[in-house]
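For clarity, chains are labelled A, B and C in written order, and residue numbers in each chain start from 1.
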Amino acid sequence: MAYFWGAIVFWILAWLVNIWIARQNESRVLNVLPPILFGVSVIFIWEASVLHFEVSPVILPPPSAIYFKFISSVPILWGDFVQTVIKGALSGYLMGCGAAFAVSLIADKFKFFERGILPIGNFLAAMPIIGIAPILVMWYGYGWQSKAAVVAVMVFFPILVNTVQGMKMSDKIHRDLMQTYNASYFQTLLKLRLSTAMPFIFNGLKICTTLALIGAIVAEFFGSPIRGMGFRISTEAPRFALDMVWAEITVAAIAGSLFYGGVVLLEKWITFWHPSQRGRV
Amino acid sequence: MVQSEVIKVSNLDLTFETNDGPVHALKNVDLKIDKGDFVSFIGPSGCGKTTLLRVLADLDEPTDGDVTVNGVSPREARETRAYGYVFQAAGLYPWRTIAANVKLPLEIMGYSKEEQLKRVAKVFDLVELSGFEKKFPWQLSGGMQQRASIARALAFDADILLMDEPFGALDEIVRDHLNEQLLKLWKSTNKTICFVTHSIPEAVYLSTRIVVMSPRPGRIIDIIDSNLPAERPLEIRDSKEFIEISQRVREGLRAGHSDE
Amino acid sequence: MNKGSWIGSDNKILPVVCIMTFIVIIWYGFSVVLNAPWEYDKAKRGSITLSTADLISQTWSQKRPKLPTPHQVTKEIWDTTINKKITSKRSLVYHGLITFYETIYGFVFGTGLGILLAIGIVYNRATAMSVMPWIITSQTIPILAIAPMIIVALGSAGFSGLMPIAIISMYLSFFPVVVGMVKGLKSPEQLEIDQMKTWSASKTQVLFKLRAPKSTPYLFTSLKLGMAASLVGAIVGELPSGGGGGLGFRMLSGSTFGNTLHIWSGLFSAAILAGSLIAIISVIQRVVLKRMALES
């Protein structure tokens, strides 16, 4: 009982602190606090509510149970992580990106091709590509290769569309300048257009980090060796071992955040010149 | 006793904190503006003329000093709708007709529907845009869009008009025409006008007083009271008095420049 | 000048048709290649030698092909839509409607939630600072992966049928709406904000008269992304339901029972459904933005 009201009080206090922080001037140190406070108060309320309302662990386990399951299953979780994220998601992501870049270069050189592939690419990027997962598992078997294939197809179209759009983005004034230097196609590409395309490319890369993870996990629902995050979830869930499922989700969330964060850092490094990175928005 | 002092600035100081370090935009600015004055602010980029206008409009806050508009703080003046502001760009909403654009402040300020219609018709007449009510901004030329923007600033009862390089983006011929119209408007409405500009002839042609400013830090170099007559056809720009005043302005600008 | 040239400088139809034709041709080719092993096996067991013509015609008409041909898929879709009663569990229309309703419910609630959150984020800095990082993180949590678990958990708590799946769709569609609307609501330029300030407009007035109209282009882009996400959520949500129906269920049962035509026809129907819904939004987008004279 006390826990529950304690959690509510903490929530209110955290909100007040956040409102105070919001009123202050920008400060790197202070800026980190609100999301942390918010997250912590949510966890407290979660824990307290589960205990107070006696929610069955079959529906929603408390954070404490998840934590204990997590630290007691690290080897399994690690194995699943390697199978799904490294072998499945990451390799598929790289393959899909590489293929998308290659095709967008072709689209850039041959305008006819670009005009045709762009509407098709936009259409397919909006499709539930995840639906080809069963088909690819049927073709490539149960191993990580089929998962990588699913991920590659899923990330291909968004990145293609974003890259093609980015390549069109350089200012006419810059391209005219290149022409006065009699620069070749490749020189203009490398020295000008790739750089101006980078913000758009990164837009696509960021979106696709989450797509890659989802693709790899869901693809495992359709068939997988006895390893992998999707496999674990699909087998533990029907057994109502929800604490394990949530532990896997935690791993997924951490992996997803690290992946996304990594791409963001790369973006900051490469496109440091763009207004959105200079804080001038 | 008629309170004729409309704007009073004493010892105004403003420093901006930017990503690239502090910028001393205004330093020790002292200024008094009477009712019915047409005051131009002229100077190179960075001299603080726009910043000064924005402080009067309560769009920027001073770091030091005292400013009163109509005897109250700029904030209270803004809240009582004491002035109309005309920006460098017309800033009309493309999804509203010209008439609807001019009506926008009236809607916000809660005028009745009949009042709105009456006032819109009146200001359209003043800026000579009658007949264009139902057009959209992109159907109008740049000059007409700026006239609509001025009409919008005149639509509600504000005795003060603050104008930030309103004609800067227009070509000289349109500019001349609008300058004439603005003078006519000023004479018929007797508003107090503060006008920021880059152009020496424009400043001298329009104003009763010219405030010459210079940058780094932004400050007033000279305040010139114009001795030109109230009736000003465009040809007055070739007169001896006009050229004398222009030269005085030019000297002020040069003096400010050589201080660096 | 390309005067009157039907290739034109902006014409999209010819290139698209060309590429599509190319894809179909390659597809037929791959059908032969992928289905051939099975054909060879069958021929070996029956001690028959296959001519090339036989091989081609056989691989294009298998009952459980590894890669069905376009005309096979089309025929399957035709059979299960036109030739079946809508209420029959074998009808693609029946399954399509189930997925459709799940998608729409999730989409509507997701959009509503997204817009409310966006307004909260734009107007309240405390909300923005606390919640925004979590909203971004929420998308790194592969909700799709735990969708089955959510369905199961809600099912045992007594919520079954359309609702839990709609919740998953809602979760997936609210994110693009939040991100897009925050961008859109913040899109007015400083000049326009200053204008409003000189008129002492209230926050509500600024929201309705300036920010909302200016965010319409962003809203439509987000709606399209949200609709696509909602559909994906609906399909994956159907996977663990084990009997509910819908296009995802159809694909899963096809996969479980080795009925590849079911998988492909389900997939194509999902694509058609997604395409139509997004096309509808696009049409509305063009009309509205034209009336508002805003670029999309």
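We adopt the following convention: a contact is a pair of C-beta atoms (placed from the backbone, for glycine too) under 8 Å apart; a residue touches a chain by one contact, two chains touch by 3 or more.
Just so it is clear, the model here is predicted, and its values are computed rather than measured.
**Student:** As a test of whether you follow the contact definition, which chain pair has the most C-beta contact pairs?
**Tutor:** A-C
**Student:** Relative to chain A, which chain's C-alpha centre is the most remote?
**Tutor:** B
**Student:** In whole angstrom, what separates the CA-based centres of chain A and chain C?
**Tutor:** Computed value for the inter-centroid distance: 18 Å.
**Student:** With chain centres defined as C-alpha means, what is the inter-centre distance between chain B and chain C in Å?
**Tutor:** 53
**Student:** Which chain C residues reach two or more other chains?
**Tutor:** Within chain C, no residue contacts more than one other chain.
**Student:** Using the touch definition up top, name the residues of chain B that touch chain C in the complex.
**Tutor:** Residues in contact with chain C: 54, 57-59, 78-79, 81, 83-85, 87-89, 91, 93-95, 104-105, 107-109, 136-138.
**Student:** Residues of chain C touching chain A in their complex?
**Tutor:** The contact residues of chain C facing chain A are 7, 10-12, 14-20, 34, 66, 124-126, 128-134, 136-137, 139-146, 148-149, 152-154, 156-157, 224-225, 228, 231-232, 235-236, 239-240, 248, 251-252, 254-255, 260, 263-264, 266-267, 270-271, 274-275, 278.
**Student:** Under the touch definition given earlier, write down the residues of chain C that touch chain B in their complex.
**Tutor:** Against chain B, the touching part of chain C is residues 191-192, 194-202, 205, 209-210, 213, 291-294.
**Student:** Which stretch or stretches of chain A touch chain C in the complex?
**Tutor:** Against chain C, chain A makes touches at 15, 18-19, 21-23, 31, 34-35, 37-39, 58-60, 112-120, 123, 126-128, 130-132, 134-135, 137-139, 209-210, 213-214, 217-218, 221-222, 229-230, 233-234, 237-238, 240, 242, 245, 249, 252-253, 256-257, 259-260.
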